[in-house]
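What follows is a pair of complexes built around chain A, which joins chain B in one and chain C in the other.
Right, the complex of A and B next:
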């Protein structure tokens, strides 16, 4: 850990939420345009966070906001590990801790809506976690190590050998960003049914913390897509941005499905896609070094 | 200015005839598009700033509306939409109706009409925004409204 590393870390911590905020703003703008509306200003997510910070803090138990801190802290940690090209398996585990923190926070409030949302989020984790592990396994098979630095220094991009896992990862991105058709744990569009899901009992600064966490999460998840073409950062950026906008498009043209459908989709189609890809890598003994 | 740029609304239906509710929802449609002011229709009172009430208050829902009001964190404003929410409207003399929303919780802005046009509702929301800003500046907190039992008045 030298001086430049500390500088890069500080830069990531401050710049990532700005990028995430812009992502969220563009997302809302695109959604509005697709629905034939003018839409909110580009910086609307920033205004929302600023407003939430100025509101009163209303909590149902003292530990509720602590889970938000855990959520944001572990997201920042996983993002930093991604930037410093650490162990992909470790990154996935650290990232899971942040998701779990939000679930425990929702469960701790005792609201029935939060309970339902949290249990649905657990189902989402059950759906996407195997895909993430197989994604890490593909990196291992291709480079001989779980370290992301090997992917960056490789001669061929990861995507050339893992197109099927890439398709699965797009769906994982969709599930993780809680976009339609998988938007049932915090329900951006389903107020009547679930109020606000997992986040029902958060107010003011606690909710602002979760929003900032979402900004980090946007950057982290598009970062996972970036890894597919990390050898050339420009193409990687284009691919990750395209994946993000594709997810926004899917969000607007699909309706919400049951969580059973998601589980079936993930454990049949996506898992088979990933396993076929892994089997190909295993038997062809391909390498991108 | 931060409050005025992202007012999140909770829509409470107190036995409204649905006329005002349709007009409130019409504000969110592409034609009027309230989201260009940052307005979001939020489900939970804990994240709301503006409480939009339609319909008159009666003995069945009086505790519900007080409860929702108490759960909104400060600063908050209440917007009474429609004749019923403002005064009791056509139902003001009914045996079960208490009257307008201002009989039970403090109301900051009224939107008259039966039912009000979406333009009028948007105008009411924009009027509520400056009140919201003043409340933040003056640090004016909404008083907690005490819930009552299920007593029914003798004239009922």
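Right, the complex of A and C next:
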């Protein structure tokens, strides 16, 4: 760890939420336009967080905000590991910590709405985690290592050999961003809410923490998409931004589905797509180094 | 002196088992503390003594050999007598087959001149697990059994403590013995002890489940003894001898493939792998300390211990691949079954079987990295699982139920207990704790085998789900009144000790790797894993894991939380009920349309219709039996 690394880390910690905030702002803008509204200003998510921080800290369970801190801390850690091109499999496991923290945080309040939301979010893990790890496996098969540095130094973009996993990953992005049709645990826009699902009992500073965590999560998840074309950062950025806006579009043109439907989709279509892709990589012994 | 330590490790638990019989119940507490301290001292002493082979030669050998023979006869006679008494014909038949095999071995075996104990790093780890975790469980039992017996009107504590202590002696012998004949005696002794402990309640269910454990383990024992007979035709009489004979030579491996596969089947039965899993599930009728002992430090570990020790005889062969597929299949199947269970002990039982499957899969992959993962997983799993079982027992005494749904609000009733249980669960599935680290290593090692890795990926996601669900439930708060909960030092000391052990072993993982695992893998495979790095960082040829960074993030999360907690003074409120709270009565209730009150209750999702036992068990039996047949056939033919 030298000076440059520390500078980069500091930059990531401070710039990522700004980018995430802009993502959220654009998301709301696009959503508004698609619904024929003018929509809030671009910086509305920032104003929201600022206001939430000034509110009273109302809690149901005195320790419920601890889970928010863990959620944000591990998101930052997984984002840093992504930026420093660490082991992709371990990044996914670290990211799981933050997902679990949010779920347990929701359940810890004991509210029936939050518990319904959390148990649905647990089912979402079942839907997306195998895909994420298969994505890591694809990186290993193509580069011979789980370290992300190999993908950046590769001669061919990852996407060339993993189109099917890319499709599955877009759906994962959809699930993880809690966008329609998979926004049943909690959702950003008041679509078809069960109160506010998992986050029902969060308000004030706790909710602000979760919003900031979401900003980091936006950057982290689009970062995972960026890896598909990491050899050329510009194309990588375009692809990840396009994926994000595509998910926003889907959010606005679909309605929420049953979580059972998502599990069926994931364990049949997405898993099979990914496994076919993985099988191709095994048998063709392709490499992008 | 290593010889003395080895002898003491077998003699001291036997001595304690006799003391438990001789002394009155009021002294058990002190006995258990003494046993714990001596167990810790002896096992640490063995580690300090270093590794080596202890030869038992003449004149002592003749005496010991006679004791072994007499004990083996007694074990078989006991099995035949007890199964005849309870008219359990399948067990009786298996007992008679065992007797016939014993008679055959006795008359045909070449005369041995000596026996040996082989203390390598793996034995040291196992001794540490057995004598520290095992005695901690016995200590916990002294704070648990009185209440347990009171509820059930039993008075069998002398049998209980005698068998528990004797179990540790047998287990100590098992992990140190190198001579296959002696190893087999200890193997059968653990089977017998588990039978006595499982049928502890002496009701119909207990006795039936005890016999199921006995019968299935006898099947494993028969496979084991046939394996020994076959090995004797190649002049192999020791466990380390198998590795020396097979080396890494494909031709020699093929010669011993059948007996090695038979020994592995013995290991699978002992580790309750599919299709033998029903005995371990039935074992939960016994008191919780028994389950904790069977699941973490003894019994099931013996099976995976044997399979890992046999790695040199199948690493890289088709038998190894078959074992890897079989283990990973058990992992995914039992993780799916665990998802559908509401009974906490059943969830833990399936989780144990699944994790042992992961260990067996890692051993089957047979690369240095995978074998290292297998040994580390045995260690980390033992500590976490002991803690989880003991916590479940204590939870049962606190709330009177072992149903996961009844555990919501536990954090308010017993905060320390809940924290420890949550720590146990976190350590089973999240970084930076040891189990996840080893799962990561075995996944990276398995990524060269497409079937195994896909099974591991699915199983890993299922594991996350069933533990997250349970953890969320116990940590959820409720509006119920706080119950008064009595804390006894005998129960809370072992729990806290195991919790600290989880954290300490996870922080010291690289030191443990360096001291125990690397030399052991070198012994087994002649090459060390290409893992480098220093404390805080784990680097293999295909990945890297800076676990120190994760500990730092976790510590930072604690620091930030406690530092900012006072910046935002929390105000507590009742939870939101859409304006339909009833303020007069219990705040958990909704006001319904008829102006009366309904209690809100939310339960977790169990996917009974997809992953239920009725859906998956038959499939699991069929596929696992096919895989074992493939392993046997493939091991012999290819």
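Following the convention adopted for this analysis, the second predicted complex is superposed on the first by the 282 of 289 C-alpha atoms of A that agree within 3 Å, B and C clash if a C-alpha of one lies under 4 Å from a C-alpha of the other, contacts with A are read in each partner's own complex, and residues count from 1 in each chain.
The definition used in the following text is that contacts are C-beta pairs under 8 Å (C-beta built on N, C-alpha and C of every residue); 3 or more make two chains touch, one makes a residue touch a chain.
Every value quoted in this text rests on a predicted model; they were computed, and no experiment measured them.
Once chain A of one complex is fitted onto chain A of the other, the partner contacts of A:70 are limited to chain C, with no touch recorded for chain B.
In the superposed pair of complexes, A:140 makes contact with chain C only, with no contact to chain B.
With both complexes superposed, C is the one of chain B and chain C in contact with more chain A residues.
Of the two partner chains placed by the overlay, neither chain B nor chain C lies in contact with A:160. Of the two partner chains placed by superposition, only chain B is touched by A:44; chain C is not. In the superposition on chain A, no contact is made by A:250 with either chain B or chain C. Contacts of A:200 after superposition: both chain B and chain C are touched. Judged by the touch definition given at the top, the superposed model places A:58 against both chain B and chain C. 56-58, 113, 195, 200-201, 204 are the residues of chain A that lie in the contact sets of both chain B and chain C, per the superposition on chain A.
Those residues of chain A that touch chain C in the shared complex are 56-62, 65-66, 69-70, 73-74, 76-77, 81, 86-87, 89-90, 93-94, 96-97, 100, 103-104, 106-113, 115-116, 118-120, 122-123, 125-126, 129-130, 133-134, 137, 140-141, 144-147, 195, 200-201, 204-205, 275, 278-279, 282.
Only residues 408-409, 411, 429-431, 436, 440, 443-444, 447, 450, 453-454, 457-458, 460-462, 464-465, 468-469, 471-473, 475-479, 541-546, 549-550, 553-554, 556-557, 560-561, 564-565, 568-578, 600-602, 604-605 of chain C touch chain A when the two sit together in their complex.
On chain B, the positions that touch chain A within their shared complex are 2-3, 5-6, 8, 30, 33, 35-38, 41-44, 46-47, 49, 71, 73-75, 136.
Chain contact summary for the complex, chain A toward chain B: residues 28, 32, 35-41, 44, 47-48, 50-52, 54-58, 113, 187, 191-192, 194-196, 199-204, 207.
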